[in-house]
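Letters A, B, C and D mark the chains as written, and numbering starts fresh at 1 in each.
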């Protein structure tokens, strides 16, 4: 049984942008962002009436090896209490307009749990989430443009995350994310996306940090319906299985080994 | 000309452990650490009368392509003002007992400058420095034991950092750092160290973060004389050249590309 | 069920060095090698009365997911007929003094089957076998010396191949293989070995070629008893599971895609 | 001074397909290929009146650090005598319809020289050349279609090979090469190409084999004019500089180290 926590920012689904969670914005910027947020509630509700992670939760429900918990930024402890984190095997993360609302303290707790073995599956705009940035050490920068036709190519077809996925599949409408994508060299680059407007993007990549595995996957824009897409769902599901912990590390310590391994042979 | 900043913690050379810079220690721990620090002043002065970075600075002085600046944690702005950072091409970093005294704000400024192109050369115990940890995303954990015979093996002999370095060289006395070393997969693993006590360690590794290159090198314990060793000096010098910026990135931004590259072909 | 073929050179177990299989040796070299081979029959029989792969086959027998076939260079078709190869999921390979007796044609068939998905587990002196060299593209060169104490360190402890393996284990007597080891950058470097004589060696490494996975493991010298060691056996067994095919590729072809994927959208 | 050998198949420029160099073709296939070859002489002469490598040689002539030698499959010793190979620092390779005419013996000599330090720059259809395949160990398979609009994206902009290259540049007409491209994980993936027909391709990749570096670059189809393109020329030129040998390895041997490094400390 893999205990999966789906963490969702949820601000756009409910059209709420708390002033106190956006201290980095000045008043004008805040007013702009809030208006932007409110302007799209209907659209997002139409695409994801159950919320982005609600849709994903439904898709994952059929997998009997997964035990799903949903949580959001608006829940207690920013949705991720120490207790919940300690019971999470794989953390799936969606965030966008409130990336900075997640306290550094929480972000570093997530980092530490990944180092101990937890899987981490950041989706789409989580390329700018704190846990992603603190784990990878790069800026996560990229280009973007909404409303593009996207064709996802499988470039590492024997990877377990690509199992059963065709050579390519198409998403009628997705946000374009374009190269250069500022990430460390991936352990595996499984998918690359082609956009009709002329860009491309390494859209499915893995890394290892400590005992933990990370799988980033690009589709999942809030006004595009791609979390309903069966291939997207299958890839995320397989990403969860692939990042599921194999071994846990108890402590992140630097032991002082007073007795060298060779000591017993010297006498 | 490569502008090199040698950043040195310097606490042990002067035997000073400021209480206000060690808030993570309780009083008992602090008393222990302070006594420990004071107990070794003479030893460290004997090994490095000019300080660890002073020794390195002398060794690098003959290289006319390098312009060296020395600075310490005890200098203004923790030794690394915005002005100095903005003029640094390669940052060489030594820290140990005051890792946490470096503010997160400064650590993230260093991370950002690496992402824009600056080279970073953390030495020895800097495996637990904030800039190292925030760039790599792992815990940097390892095993350790003082006073070991060490043989450094060159396992990637055609790497520019290994140029002119023999198959192996020996350090009579170094602190043992032992595997498992919690680091992301290195881009290059150039050196592995053998210790007579029975351990081994990937002691010379590189990574890329954004436009910047990182070279970690293990030798450089404060009570071992290895920064006087010509091979150690040569490796660090070649590490500086290798991590020197090739291209700078101006801004770490995510531009919204309103006009697709294909647009001009559609009319 | 994983169909595992254990391919064994078997020349040393039986003390036979066929003249016609060593055309690269001149008469003097041949006489030397033959005398060397004969001089050690008793020793090898004592250590491996059932042969090297016979010992491994016994150790693997308890794993009900594995279906084991043993074969040797002296069997028909150099031990690997097209039929047997076509039914092999993972090929474990041990060879040494008759590396060149394997025809290029067979070596390339093995390469092709790996590219299609077969796992490949070369052991010990197979670092100079044709399949290993043709898959990796490097020379496989290393240093060596018989009869050394060896301590195998687990440097990637969360890797599936290292599951249950302690931080290190010791082999009283193994052939020393020493760095620099001429291999491409490994996908994973799981084990590094320490030798009392002063050398070290990246002794457990993986690579991917096409759909196939490769796991090289160093222990297994013909006059050292380490294929009887439970950890060595466990690592090889886990290496077999890890390299077992996940997806097969039918054909290694370069299709001419006359109709672009975008064609259906243009009309 | 870097001694660069431009090796060109040259069959299509002169419209010659020697029967004795295509033993793998049956008579019907041969007749087809020969007709195909002859049918395009005019076209290829129009695009490359001086031959593909002649065009490249002109472009490289201005670089005073390069000493260029041109040679073809039709020259003595298949264009690459032992003498010439021994004087080559970087080998640039273009081949297509006569890949199999290069003897295995020559291919393995090239492999060995790369392992000793020579740079290797296979272009375009050399993804199926023997030196490429024997160095990489994969099948080099890909998809293809002639006459496509291609946009080359720089995804590793701080790599020396990408120096001065814009975020993307466009080739009005190139042969489409499409993923999945059967290559080992690249050390660096510098360029990815977007094709208007809907495919994409990792078009600029590096690997290391022994002391030698390899840079594969996709543009260079015989009926497309892209070897005249300044960016393509600049990338190839920078690829030559980047793969130029840093250190040579004299011998590819496995020395028996009878005296352990630790011996001198035991007495």
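Note that in this section contacts are C-beta pairs under 8 Å (C-beta built on N, C-alpha and C of every residue); 3 or more make two chains touch, one makes a residue touch a chain.
All of these numbers come straight from a predicted model, not from anything done at the bench.
J.: If you list every residue number at the chain A and chain B contact, are more than half found on both copies (same) or fewer than half (different)?
T.: same
J.: In whole angstrom, how far does the Cα centroid of chain A sit from the Cα centroid of chain B?
T.: The computed centroid separation for chain A versus chain B comes out at 31 Å.
J.: Give, as an integer number of Å, the spacing between the C-alpha centres of chain D and chain B.
T.: Here chain B and chain D have centroids separated by 38 Å.
J.: I need the residues of chain D touching at least two other chains; which ones are they?
T.: Where chain D meets two or more other chains at a single residue, that happens at 151, 157, 168, 185, 187, 196, 198-199, 208, 210, 261-262.
J.: Thinking of each chain as a vertex joined to the chains it touches, would you call that graph a line, ring, star, complete, or other?
T.: complete
J.: Provide the residue numbers of chain C that touch chain B in the complex, in ascending order.
T.: By the definition above, chain C touches chain B via 151, 153-157, 167-168, 179-181, 185, 188-189, 192, 194, 198-200, 202.
J.: Flag every residue of chain B that touches chain D in the complex, lowest number first.
T.: By the definition above, chain B touches chain D via 117, 149, 151, 157-160, 163, 168, 170, 187, 196, 208, 210-212, 246-247, 249, 261-262, 265.
J.: Over in the complex, which chain D residues touch chain C? Could you list them?
T.: Going by the criterion above, the answer is residues 104, 111-112, 115, 128, 134-139, 141-145, 148, 176, 178, 182, 184-185, 187, 195-199, 207-210, 252-258, 260-263.
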